[in-house]
Amino acid sequence: MNYEPVIGLEIHVQLKTRSKMFCASPNNPDETEPNRNICEVCTAQPGSMPVINKEAVHMAILVGLALGCEIPEYSKFDRKNYFYPDLPKGYQISQFDQPICGAGIQVVEYEGKKRPIRITRAHLEEDAGKLIHEGSTTLVDLNRAGVPLLETVTEPDFRTPAEAKIFLQNLRNIVRYLGVSDADMEKGHMRCDANISLRPAGSQDLPPYKIEVKNLNSFKSVEAALNYEIKRQSEMQESGEKLTSQTRGWDDSKGITVEQRTKEQAHDYRYFPEPDLPIMHFIRGDVEKIRAELPELPAQKEERFISEFSLQDRDAGVLVNDKNLAAYFEEVVSELEEWFKEERLEADIAKLAKMAYNWISGDLQALLKIEGIDPQNSRITAENLAELIKMIHQGQVSTTAAKRILEVMFETGGDPSHVAADEGLSQVSDEVAITAVVDKVIAKNANVVADYKGGKKQALGFLVGKIMAEMKGKANPQVASRLLEEKLH
Amino acid sequence: MDFHLATIKELRQGLDSKRFSSAELTKYYLDRIKKFNKDLNAFITLTEDLALEQARAADKRIAAGSQEMLTGIPYAAKDLFCTRGVRTTAASKILENFVPPYDSTVVARLRAAGAVLVGKTNLDQFAHGSSTETSYYGPVHNPWDLERNPGGSSGGSAAAVSAGLVPFALATETGGSIRQPASLCGISGWKPTYGRVSRYGVIAMSSSMDTMGTVARSAEDLAITAEAISGFDPKDGTSGKLPVKAWSKNLTRSMKGLRIGVPQEYFVPGIEKDVKEKVSMAIEEIRKLGPKIIEVSLPMTSYGSMVYAIVTPSEISSNLSRYDSIRFGHTTDKANDLYELYAKSRAEGFGDEAKRRIMTGAYALSAGYRDAYYTKAQKVRRLLVNEFHEMFKKVDILLCPSTPNVALKIGKAADDPLFGYIADQLNIPASLAGLAAMGVPCGLGKPDDGAAVSLPIGMQILGPQWGEELVFQVGYAYQQITDWHKQKPVGF
Amino acid sequence: MITQEEVAYIAKLARIELKQEELEKYRIDLNKILGYIEILKTVDTTGVEPLAQVTGLENIFRSDEAEEQGIADDILQNISETSGRFIRVKKVL
């Protein structure tokens, strides 16, 4: 029998505010000293009270608008009651029936097919502390307790694990573009739970059970865990076993999911409206003001890169996946355009953009990865990279030499023409200089010239090689080849 | 001078004219507390060293001429207000050794004003009760009859003021906990409009109703203390931004033209004969001042205690979840695992009433029951609140008895799960609506059981939300023509 | 009417250990309270929105300013079991 997976996601994104969701304690994910960024509120001292962080609300609405969510006029916080050592108050301040972001839609493109994924809601809540297991005890660090989280919930609209992964990557890109989160899954800024079940292919009904998979700490693990579950669940169905709803954890090292014991067996969270926090009321005008703040979003940028620079879909995707790389690319291209305008040359934007893309996504990104930095933090300014590309375009340096120049620029930060001069990597395109060498090589290699004239066309390559050797590789090979041909005719 | 009979205003004049120092005043009160607390059990903790230090600082301030209304005036705080560095127990075992790392906003404001904290007063455990008998530290005795309870939950604060152990005390009210003990102890008590005084740093009972007020010897003294502690607090998201006025300087107002409503539902069946009579007489006294007295009806009144019996335990069950032994408070030594760490620490640390309310609330919010109980109660609450809103379009103020009876014998509450809800039935509706209210003494009387005692009776003045000014003015007007607030218990 | 099983379930949710005789005591108490409020069900609340707050306040926010409160160490003072600056508890399952 053929099965179709029914997959939904719940994604928690930590918001990059300065202070926590409900108190002034610093929100610093890099704090190394345990229980340092704590105060009476986030440790639930008797009598302490929460107050809503305005910036977190602002960020949540930005994300909601970017996801195409409706922003309801009223929103409120509720208490979700359960006991756990990482939850100081014995309840989490979350949102139950009036989330800050309502229904929305995001399009996911996979293998050239675009499919809309419905977003159920996105709500604000506070993060719990961190637990570290040590022997027969558990250690609690409350630095993270109270950090703002935005939980986005989708409808079970994904039909393949790859779609789910792409959605997650898109969401990561969006929150990064909005500057509201670093959304690094490995660092726990973004956490994902997936629910998955199988139904007979062609069926429209939701399956009568749901497996929730937790501990998905990377994009890769999301895809792997879902693929594992598809296999596991279809095997169970094939063998006639009945599947019931449960929570399972992904074991990354073993590549399997394992049933988990849940913290509140009954899941009786006794939600009720948080009496300490007045409701939020958003009038249309306020929401529209926030909408006006939205920057160009990844999907829009990708489309523009394709239409404006004639980039390939795949190439545009690579750039857009990294907000900083995309910005750097645009800057380089705009420098190049500027230069063409100044020189009153006819610009082949597509060709320049392709060159810029190749250099940025290839050699430059390799260098950046080694250092683990963004292009903006490297010593190579967009202007200098544009100049290097210009030199290549004009034949002032060879591709091989340019690679070396780029490395030096990355090390020292010099501009490419100086680096080329210092390193002796400038390419000679001066026709007078090259012609002199051409003459010399023709004179020295009379037999080869005769072979060429006798019809042995490959002899030309040999002669170009001689010219290049004579000029220590600095001659522009195209120019040398053209001049040689002219002389031999 | 008989300091213990003096009002804040009189003490202020004495301090400012250097007839006595704050240090002398403070020692006087500390001595009285030490002398009488054995009988009353009104205090859980005395803060003698801190008090003397604050008194000396206050004297310096007075010498420098930079004093405020409460600089150098001793006071006590219900042991529900967090005091940095001073143990705060909520009259519970679970917080027996809890030393807060921070001050409640109200205590911080009084500290800044130069008031002198002499101690922390006894209360019903976590303010759950109406007789101050649920305290882990033993019951408080009513100064008017030591065999009787002072009401509650602010029974320690009320008994302390009544016995002249402090000129005023901080108290809290969720549903009667200021007005009811003030009435039973023969003193004046102010239950602020919800949101008028910051709740920050006061151990929460029922967050949507908790208010922080004061008990004192007169309406004027209440107005003075109210000015010092009221006002917006950025740390309390439910505190209002309305300006705090100079209430104590604006107490005189003609009662002529005022529309005063007397809600018939507050003269409940079972109300004691003397209570009904004295409150009716008090209303007659006020009538002489020229307001229009109107008999009105508030039919939702009888549902108040029922709504309260659902909503407060619901909020309590959540508010008391933080007492899990992990970050502070009593920790069991019998736990084998995490579940037992929670369940045994909480079982050992909470008293019966707290457990009962936690469980009632957890039940009222639990899956399958929330709509029938919690949500239903909040709907009825809206009807009740709307009824008050409509009423305050017709009248400016409401007058009615504070309690249906005079003080009861200790032990009468004895583990009756409904005791508090019935004892506070006349106070709860205004609490559910967050109204401004005050209780004033209006006579002495006998209980219906015929005991040969003369016990205080109280009348409450209910105003609309944010109606403090008028509430203080009506209380003040009444105290200008009567002396009931000057009565004091024999032996103190 | 609440049963002992329901009382046991609620006590477990609320993390309060009850002895057998207490189960019965609280069963009686809770039934008394629920009996007392039974009449609430007769109030017609058709079309009435529940009221959770009375202030009428909306949009009360704090600006996003971080502040080291300087009381972290005082907070740690009250903790019964620590390990360095960590809080130590019985093992979480």
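Per-chain numbering from 1; labels A, B and C assigned in written order.
Going forward, a residue touches a chain if its C-beta (ideal position, glycine included) is under 8 Å from a C-beta of that chain, and two chains touch if they have at least 3 such contacts.
The shown structure was predicted, so the numbers you read here are calculated from the model rather than taken from an experiment.
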Which pair wins on C-beta contacts, B-C or A-B? B-C
Give me the ID of the chain with the smallest distance between its Cα centroid and the all-protein Cα centroid. C
Take the average of all CA coordinates in subunit A, do the same for subunit C, and state the distance between these two points in whole angstrom. 41
For subunit B paired with subunit C, centre-to-centre distance based on mean C-alpha positions, whole Å: 23
Chain-centre distance (mean CA atoms) for subunit A and subunit B, in whole Å, is 58
Residue numbers in subunit C touching two or more further chains are 13, 15, 52-53, 55, 57, 60, 62, 71, 75, 87, 89-93
Note the residues in subunit B that touch 2 or more other chains, in rising order. 98, 101-102, 208, 234, 237-238, 317, 321, 324, 326-328, 338, 342, 362, 366
For subunit A, which residues are shared contacts with two or more other chains? 40, 43, 45, 51-52, 83, 85, 138, 140, 266, 268, 270, 272, 275, 277-278
Would you mind writing out the residues of subunit A in touch with subunit B in their complex? 40, 43-52, 79, 81, 83, 85, 88-91, 138, 140, 266, 268, 270-272, 275-278
In their shared complex, at which residues does subunit C touch subunit A? 9, 13, 15, 52-53, 55, 57-69, 71-72, 75-76, 83-93
Give every residue of subunit B touching subunit A within the complex, in rising order. 81-82, 88, 90, 95, 98, 100-102, 104, 199-204, 206-208, 234-238, 314-315, 317-318, 320-324, 326-328, 338, 342, 362, 365-367, 370, 374
Subunit C-touching residues of subunit A, taken from the complex the two chains share: 17-19, 24-27, 33-40, 43, 45, 51-57, 83-85, 131-142, 261, 266, 268, 270, 272-273, 275, 277-281
Which positions of subunit B touch subunit C when the two form their complex? 98-99, 101-102, 194-195, 208, 234, 237-238, 240, 303, 306-307, 309-310, 317, 321, 324-329, 331, 335-344, 346-347, 350, 355-356, 358-360, 362-363, 366, 372-373, 375-383, 385, 417-418, 421, 432-434, 465
